[in-house]
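Chain IDs A, B, C, D, E and F follow the sequence of writing; residue 1 opens each chain.
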Amino acid sequence: MDDPMTRLDVPEYDDLPEDLQERIDEETEQAGFTPNVFSAFGYKPSHFRAFFAYHDALVEDSALEREEIEMLVVTVSGVNDCLYCVVAHGALVRIYAQDPHLADQLATNHRTADLGHAHEAMLDFAVKLTEEPGRITGADIDDLRVHFTDEEIWDIASVVGFYNLSNRLATAFDMRPNEEFYTLGREPRE
Amino acid sequence: MDDPMTRLDVPEYDDLPEDLQERIDEETEQAGFTPNVFSAFGYKPSHFRAFFAYHDALVEDSALEREEIEMLVVTVSGVNDCLYCVVAHGALVRIYAQDPHLADQLATNHRTADLGHAHEAMLDFAVKLTEEPGRITGADIDDLRVHFTDEEIWDIASVVGFYNLSNRLATAFDMRPNEEFYTLGREPRE
Amino acid sequence: MDDPMTRLDVPEYDDLPEDLQERIDEETEQAGFTPNVFSAFGYKPSHFRAFFAYHDALVEDSALEREEIEMLVVTVSGVNDCLYCVVAHGALVRIYAQDPHLADQLATNHRTADLGHAHEAMLDFAVKLTEEPGRITGADIDDLRVHFTDEEIWDIASVVGFYNLSNRLATAFDMRPNEEFYTLGREPRE
Amino acid sequence: MDDPMTRLDVPEYDDLPEDLQERIDEETEQAGFTPNVFSAFGYKPSHFRAFFAYHDALVEDSALEREEIEMLVVTVSGVNDCLYCVVAHGALVRIYAQDPHLADQLATNHRTADLGHAHEAMLDFAVKLTEEPGRITGADIDDLRVHFTDEEIWDIASVVGFYNLSNRLATAFDMRPNEEFYTLGREPRE
Amino acid sequence: MDDPMTRLDVPEYDDLPEDLQERIDEETEQAGFTPNVFSAFGYKPSHFRAFFAYHDALVEDSALEREEIEMLVVTVSGVNDCLYCVVAHGALVRIYAQDPHLADQLATNHRTADLGHAHEAMLDFAVKLTEEPGRITGADIDDLRVHFTDEEIWDIASVVGFYNLSNRLATAFDMRPNEEFYTLGREPRE
Amino acid sequence: MDDPMTRLDVPEYDDLPEDLQERIDEETEQAGFTPNVFSAFGYKPSHFRAFFAYHDALVEDSALEREEIEMLVVTVSGVNDCLYCVVAHGALVRIYAQDPHLADQLATNHRTADLGHAHEAMLDFAVKLTEEPGRITGADIDDLRVHFTDEEIWDIASVVGFYNLSNRLATAFDMRPNEEFYTLGREPRE
């Protein structure tokens, strides 16, 4: 099996604290394999707990649809050239949006995806907040208010922010997407 | 008093869940005032908990000195043009590094600060991981290994990542630094 | 069926000159479907002929392996955020390199692909020539000479140049990748 | 005489295939000297044929005026910092537009040239398609439609694309403009 | 005492021409210390005279308020990452605008400062003229005319230009802000 | 006659103070025409005096050859896309360097000019100091010391700085190069 990340040694599952093992077991059961980000974060258990607790808050207590969250993740990760997140969350876009092509479109260039006005505005904002956060002004938030509630806007910015964190850890240490992610949710050709 | 952030309404202290009130009380007691980031994150309690739990893990379980963490924060926040983080963590750099000038130097241009080779390498990496994460290669990590252990490198990248999240939330919603932060620690300690 | 491109009207197959119909027939027979770039270039037959003649010269009279050509195309197209070329030539990378994951790695960030030194140097050069052609100096060519003959270097630059043309036409007029390209070659060959 | 390009050896005229010699003879007769791009492309005859056939299609089957084509070339080549194309096509702008100053204005900064609205829009588009092709949207094409037919827009994008190819080959191999190009079409000083 | 600049040797006060000594005496009397830029420019007396004569013309013959001039300086110097000018002119902003926080806001991100529409427009223009002078068009000047007279616009551009010069000399030779500048004009803590 | 600049009204010669008229007379006699930058700076006499006094100090009290100064000016002005300075100082490069092609090479891309190592290093530094002044470090100055004395390095940085000022005023107000500059010095001297 490939290493979960190539630039730091990852501890063995058996050496991890029990609560990490439990979380990994759950993920493994659900996905049918252990997503490498869980093995990689085993590097530092206190950070594992914090990272996934934040992730869970973002997807469990959100005014956004899950497919919107994953669309944000893939778009941001495309801008940041983050292989792990593009491939792993690309699978999640295909699954949650039930669309086999949307993830590749967002990862390459969200302007080429077939989106409604609200999602266009959401992803334009995500790209600006990723590329040049200091240029965001009140007018950018007002533009979002045409389509989204304040809580949705908070959630959009939070997902964008969190994956600007996640992308940087994944690329710094070269976390590797599991092979399964490359094909999950793609339409089989006959 | 100034608003903690100008683009979203912030709930009253009295309306916050008890655990948030307790954390805010602790911070207020320690600082002598309530740092606005706590009031602002009251906007969404589940995210408040996740954000500060991650923050706490980064400063409490770290192979880095606290002053190194704050040097990273101010450098990254300067690159991202984030007023709240430059001013609030500027105060922390002055306090933890016991240096009244270092924060302004790092916020403006870390290349002008009077640093040893290890901290120069650390901050050069922080800037690259912030500005162009996709261009990080194994060689960048190897350069850090001249000065830092693997765990320190993990912690450096994690702090850089976390403030790339934090900077984006603070600028998206225009979180305002408390007045006190502008002057804290400016008089050199004897 | 989706339009081959969304921003200009494409002529009907029946209205195309005979030599274009013949070329389209060949491509359709080989691929099992008509790649949209052929329909789109039907917009102007004289340009259709010139574009595909150049393409053919690049792949037929080349000192490079076909998989190297396609690796260059996907890397360049990733830098230029060109959906058509990333998806269509991604399929060709999977097929010619007999590797189901390489295309997604190159499109996202060639620095994360598992490459030998020669291909690393080749793609670093391709990215620099794409992003900042005016900064190429003799030293960049000398770096390539460690791994490649002069003719190979000519061919590398020519492929990079040609897809800087191709990417701009495809994004200007929003050429759409055929659905088939998204999945072609994704199952590992045995 | 200067080398046509400094980074690869150029074959002697006598060693070129007959059809290349014929084309070079024509060009030499017309210009009074052999433009170095012809000698340089002699490096690989199959590419010579494809490159100049595409070039010929762009200028011979075009809805644009020849001076518009050359204005596009010089503007794009200025953005890409391509000496050969700025100097050689600068001469063509002076000749076709019958204006001794326009080429230097376009090469330096098309925003400083004295242009009508249509040409301003044409060159703004050319610069955007050159600098950030992935940010082109349907709105950019619609802006051009105020001044240009669909076929003209196709031709504009094609010229921009082709010189993004040409600029990259000329700078990669350091093709040198013939001395004659520097002064062709300039007003003689008395 | 710290060196006025770290990369070139600075002549002793006693070795300077009399007119430079006089100017330095005046500045020292006024500020209570000798600002390092005066000592640094002693490196070349003819340039000292020219630099400060231009500076004097900009502040003495200006249609702008002095606080506006200093706001421009700090904003431009923040964009150019110039430590000397951010710290020294930050003190002047605090003094002339009688605002202890404005300088840090402008140095970090003028979009986060509490400004009226005229000053917003002025600083947006200053940033554009600093970052991408070649993209300024007549429309940018017309936007300023909503708030400013022609002479004020001339003065704005002149201050922006002059500090683009000043920032480059200060960073090239690492001019060091005097310690006093870091705290001048800050509200005393009780 | 063309306006000296298009965005502000320029006072009549007869309305200028006597010392400005004298300077203009001298320049007109020397050049055979009045360079538009003198007419344009007549807009504000105190700035006229300061600007040209600084200019004079840079060319009259310099450790550099005059042709080196003009090479710096054209290179910097090319980076900043400044038409007036590229065209007017292009003429001066041709005259002082006695080379009819060097100016166009430097304005387009100094990496394509035929330069010795010292001038290559000088212009590489000029471009870096123009494009990203905050990234200059002591190592950049040390690289120059291989070829230049400290005073020459001061003068190089000063010329680069001054034309970063000059370029911004010329582009802000659209100063127009006199027609004569386009052709001056184009015929090689015998």
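Here, a residue touches a chain if its C-beta (ideal position, glycine included) is under 8 Å from a C-beta of that chain, and two chains touch if they have at least 3 such contacts.
Please read all numbers here as calculations on a predicted model, not as lab measurements.
Look at the CA centroids: the one farthest from the centroid of chain E belongs to C.
Farthest from chain D, judged by the mean position of CA atoms in each chain, is B. With centres taken as mean Cα positions, chain D sits 51 Å from chain B. Chain A and chain E have Cα centroids lying 44 Å from one another. In chain C, the residues that reach two or more other chains under the touch definition are 81-82, 109, 134, 136, 171, 174. The touch graph of the protein chains shown belongs to none of the named shapes.
According to the touch criterion at the top of this document, the contacting chain pairs are A-B, A-C, A-D, A-E, B-C, B-E, B-F, C-D, C-F, D-E, D-F, E-F. Partner chain F is touched in their complex by these residues of chain B: 109, 111.
Chain contact summary for the complex, chain E toward chain B: residues 78, 81-83, 86-87, 100-101, 104-105, 107-109, 112, 171, 174, 179, 182-183, 186-189. Listing the residues of chain F that touch chain B in their complex gives 134-137. By the touch criterion given at the top, residues 6-9, 43-44, 46-47, 49-51, 53-54, 56-58, 60-61, 80-82, 129-130, 133-134, 136, 138, 141, 150-151, 153-155, 157-158, 160-162, 164-169, 171-174 of chain C touch chain D in their complex.
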